[in-house]
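First up is the structure itself, then whatever we jot down about it.
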Amino acid sequence: MVDLTVDVGSLRLKNPIMPASGTFSEDLADVFDLDLLGAHVTKTITRGWRDGNPTPRVCEVSGSMLNSIGIPSKGVGYFIERVIPFYKRYETPLVVSISGNTADEFATLCSEVSVDGVAAIEVNISCPNIEEDGKAFAIRPSSTFDVMTKLRKATHLPLWAKLTPNTGETPEVARAAEDAGADALVVANTILAMAIDINTRRPKLGNLMGGLSGPSLKPIALRMAYQCARATKIPVIGCGGISSVEDVLEFLIAGATAVQVGTATFIHPLAMPRIIDELAAWLARHGYSSVKDVIGSVIDDEQKAGVVFMEAAP
Amino acid sequence: MNAALKLGDVREAIKPVVFERDLQIISNVQVNGEYRQMVLKAPREMLEQCRAGQFFHLLCPQLGGENPYLRRPMSIYGFYPDKGELHFLYKVTGEGTRALAHLGAGDTLNVLGPLGRGFTIADNWQHLVLVARGVGLATLAPLALEANRLGRKLTAICSARSDDVLMSVHYFRSLGANVVTVTDAEGTSSIENLEAIIEGLIAEEGVDAFYTCGSNRILRLLQRIGEKHEIPGEIALEQQMACGLGMCHCCVRPFRKEDRVVNLRVCREGPVFDMQEAMPW
Amino acid sequence: MVDLTVDVGSLRLKNPIMPASGTFSEDLADVFDLDLLGAHVTKTITRGWRDGNPTPRVCEVSGSMLNSIGIPSKGVGYFIERVIPFYKRYETPLVVSISGNTADEFATLCSEVSVDGVAAIEVNISCPNIEEDGKAFAIRPSSTFDVMTKLRKATHLPLWAKLTPNTGETPEVARAAEDAGADALVVANTILAMAIDINTRRPKLGNLMGGLSGPSLKPIALRMAYQCARATKIPVIGCGGISSVEDVLEFLIAGATAVQVGTATFIHPLAMPRIIDELAAWLARHGYSSVKDVIGSVIDDEQKAGVVFMEAAP
Amino acid sequence: MNAALKLGDVREAIKPVVFERDLQIISNVQVNGEYRQMVLKAPREMLEQCRAGQFFHLLCPQLGGENPYLRRPMSIYGFYPDKGELHFLYKVTGEGTRALAHLGAGDTLNVLGPLGRGFTIADNWQHLVLVARGVGLATLAPLALEANRLGRKLTAICSARSDDVLMSVHYFRSLGANVVTVTDAEGTSSIENLEAIIEGLIAEEGVDAFYTCGSNRILRLLQRIGEKHEIPGEIALEQQMACGLGMCHCCVRPFRKEDRVVNLRVCREGPVFDMQEAMPW
């Protein structure tokens, strides 16, 4: 028997596979037993009611998708009353994703959801923020540090910072989050993108632009996960385009302690339980007794460390 | 299952009731210039969960140079637990449906379902009237089967561009439905004519419920007539979908609920909605 | 006959299709007549000799590729003596792509290549730069403005600034380039990415990381091209994942005046001449007499202008 | 064409001489446990450009769940302008070659070529010796055809794991070549034994040129023997490729040139290089 458990800071997970925020809900219980998962991660909520963005909210691009769901939210009251109790029936720890328009509102929500039944809080610092001209907190190290400092003070629960790929300063942002007390980094959210219908000449998304997710994002997210694992000492949770056990292994080898599966669940609702099985089988076949043995096992010659912190190509 | 999927009850449904399965194709043929019918071999446990108005989310294959990525929602056109068959009726419109059209007998198709909330037929509804246009008939067909099973009277008003694209007339008739066809070609499909036909039905036979899908003009008409005569109704709606399960919130449409406008998910709270709550678009 | 000519500032092109730097060379003349193209864009050169990066220099990722060619260069002398004369036999204007480790070296090279036979200079400000901790000039508006100011002084030729997607500040960087005197923006270069071979546990590129190009990049590059067209008044040249006439139209509709085709030429060496034919045919079929009529024709409701400058998703 | 592609002359070649074409597959069959042979119908103008040692860049199809993106380089195994045939011999190793293996007679394959610089056979080279292992034989086979056409003597030393994977022995013999087989199974493929065989050939018959490809150990051996006896040689090398045409500079390998180490493109300055300039890896 292969040991699939991993430790994300103080939180032990029975396996490193969990859903990505916004691509998972109670509804998936219709398809398989959610207790199979390493963690449950909810869709981001805000304090108050939000409608979300105009439709169409998704569109297809070459082998991947764009979304501009926005963050429709029924508010924190509904969430605490209706959603948290649902997940209490499971053993799997619940991770609550939150966001706010301002750092203070964000911090208030953070303390409000620090309740029984919640194992960790994922802070989605990759969505637009009105105090920074609509830039996400996680675009700049300074705004990352400021908001994380406030969030850190607002809760004693483990705090996972979810980073954005829409930045040229990934390692610096990662270190800012670590310095401000993040317990883990979720790497990464979607990257801003666009598609236009050439027949109607209208953007394919009602919101003009949206986030790219799915296989196209994987090489970018993997690079970021690697950069974050090298730049910080806190656990990294890889996310972006993961749809197979091979993808999971790529992130673990790069240094991720666990991974989130997002868009792949839309295509194959059973992707996560299947990957968990295949991960155990792969590790067994390759003679590993614990998944921990592959984490960070990338062979990157030390002289190349300098390259790691570049944010440019070629 | 249907109960479990009803609005508000979602949270109680933690036993797996939705299936992801590779099904074998029995046939996949052109039924007229625009539509194709696909017949799949399906397990009884899956077919027994099906209800009229529900849909499946199909993983269209990468074939013929088409590379669809997301699944495509398709209404259940027919489900036959005894025969072990699941039917779809589809129009080839883009990448996904073009890819579907490439499949042949013996190939497999991965399906997810049944999904969503189907049509209601209340115990005291005796005369049901459905008004459908184009591929909307695919969605309403199993309702006729169900009405037949329950021994209710059904009038199907089928609207189309011209006679040769009138779908399923034969099918509705075979189930003992009264079929009225109206076409653009004959100039009989105008809203005014439809209204006259329906008012006639109400006056002569009485109508207990309306069912429709798709057309905005027909929705407005039925809302108006329904309100006037206090006849309830349901409409099946479409919206772009990613997950099909209720997780992503991409498939919302606005509905009137107790003086507020709320967004509901077509894949979860729908695709069948109360006709008066639906908002023309 | 449809008019395919476009004006990139003072430079008139016979059609809007040109190769992307680094994916084109004299060698393509073996396959078709290079005079069919709207412009010729050379691989980036540096002043002195450079070896380029260790192999493997390319790898495949889902439906796209990564490269870490680096910038192998035979230096400016060889270039002026051997390469420019080759292109003189063509009518098509020659655009020379250059880069430098420091702003001053970059500017020196810029004036050195401002010679007869060169119609415009594309400045690749998206490669690592030692004065900015290895960040590319085009990651930050300030470094963009500084280097572009020096480059502007170094030449009277049209100056095209090639931007990077590795930034959270695309509109600001675009405006900085415009303010410093760029005549056009090339949008965009590759985005930093990574892939790992799970069997060897080694990065698939000898240089650890590299740039993602091909279809996966398209929705990101399109978003940037749109942002740049909205943020500035200078022509935008779209680049990233273009492989069909539909892709070209998407960029033109978004506001690009011309486009560059890169990786697609590796897959289909005849991609560019084929796209030129198909573009003329598409425009004729849709009743346009000039390609200029589709440029910038996107229908984006004005109230959404605010969204344009966000650099975050969802 | 060959001339136009020679190192340094590149700039003169502005007439299109490389073809991108959809070719029809005549056959695509397993020839032993590891290798498959593909025969394509090709136009004479393309085949007349081909030279031994050159390669084509194949657009492997999206088939059988494989989604190769970049083209795959494959040596010309045979080209027959009179028959209108182009042959490849390939080993199924990954996504692209797995996809190739799915193609059957009548399907089309998009090819780009001929590409690169082929083998040289100088006018005064009478006895040619080729040493090849594994799929390297695919690259060296057309050299035997050319030697036969030019009336030169050829000795082919074929090295393999065991007898049953010895490729092309029959083919080389049919062209009148002297074939020596060495295998790991029999313990005859050691470098020492190879050296003894080659030294024997030099002593008994004289050798004018060596040709090889692929193996590092064989390269070192031939470099040593070649230097000692002043016998020239050529080696065909492989490297990952994107464009195949010389544009992207991804396919470089280091070579010794006048006391410097320079990077040369395998697709353009190669895939055939001077044996003494090649550097073991």
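In order of appearance the chains are A, B, C and D, and numbering begins at 1 in each one.
Simple rule for what comes next: contacts are C-beta pairs under 8 Å (C-beta built on N, C-alpha and C of every residue); 3 or more make two chains touch, one makes a residue touch a chain.
Note that the structure is a prediction, hence the values are computed from the model and not measured.
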Minimal step count in the chain contact network, chain B to chain C: 2
Chain whose average C-alpha position is farthest from chain A's own: D
Chain centre separation in whole Å, for chain D relative to chain C (CA means): 36
Length of the line joining the C-alpha centres of chain A and chain C, rounded to whole Å: 32
Distance from the mean Cα position of chain D to that of chain A, given in whole angstrom: 48
Contacts with two or more other chains, residues of chain B listed in rising order: 67
Residues of chain C whose C-beta touches two or more other chains: 22, 61-64, 67, 69
Chain D contact footprint on chain C (complex, rising order): 22-34, 43, 51-52, 55-65, 67, 69, 72, 82, 86, 89, 214, 263, 265-270
Residues of chain D that touch chain C when the two form their complex: 4-5, 10-11, 13-14, 16-20, 59, 67-71, 95, 112, 239-253, 263, 268
List of chain C residues in touch with chain A within their complex: 22, 53, 61-64, 66-71, 126-129, 133-136, 139-140, 164, 166-169, 189-196, 198, 200-203, 207-212, 215-220, 222-223, 226, 241, 246, 249-250, 253-254, 297-300, 304, 306-314
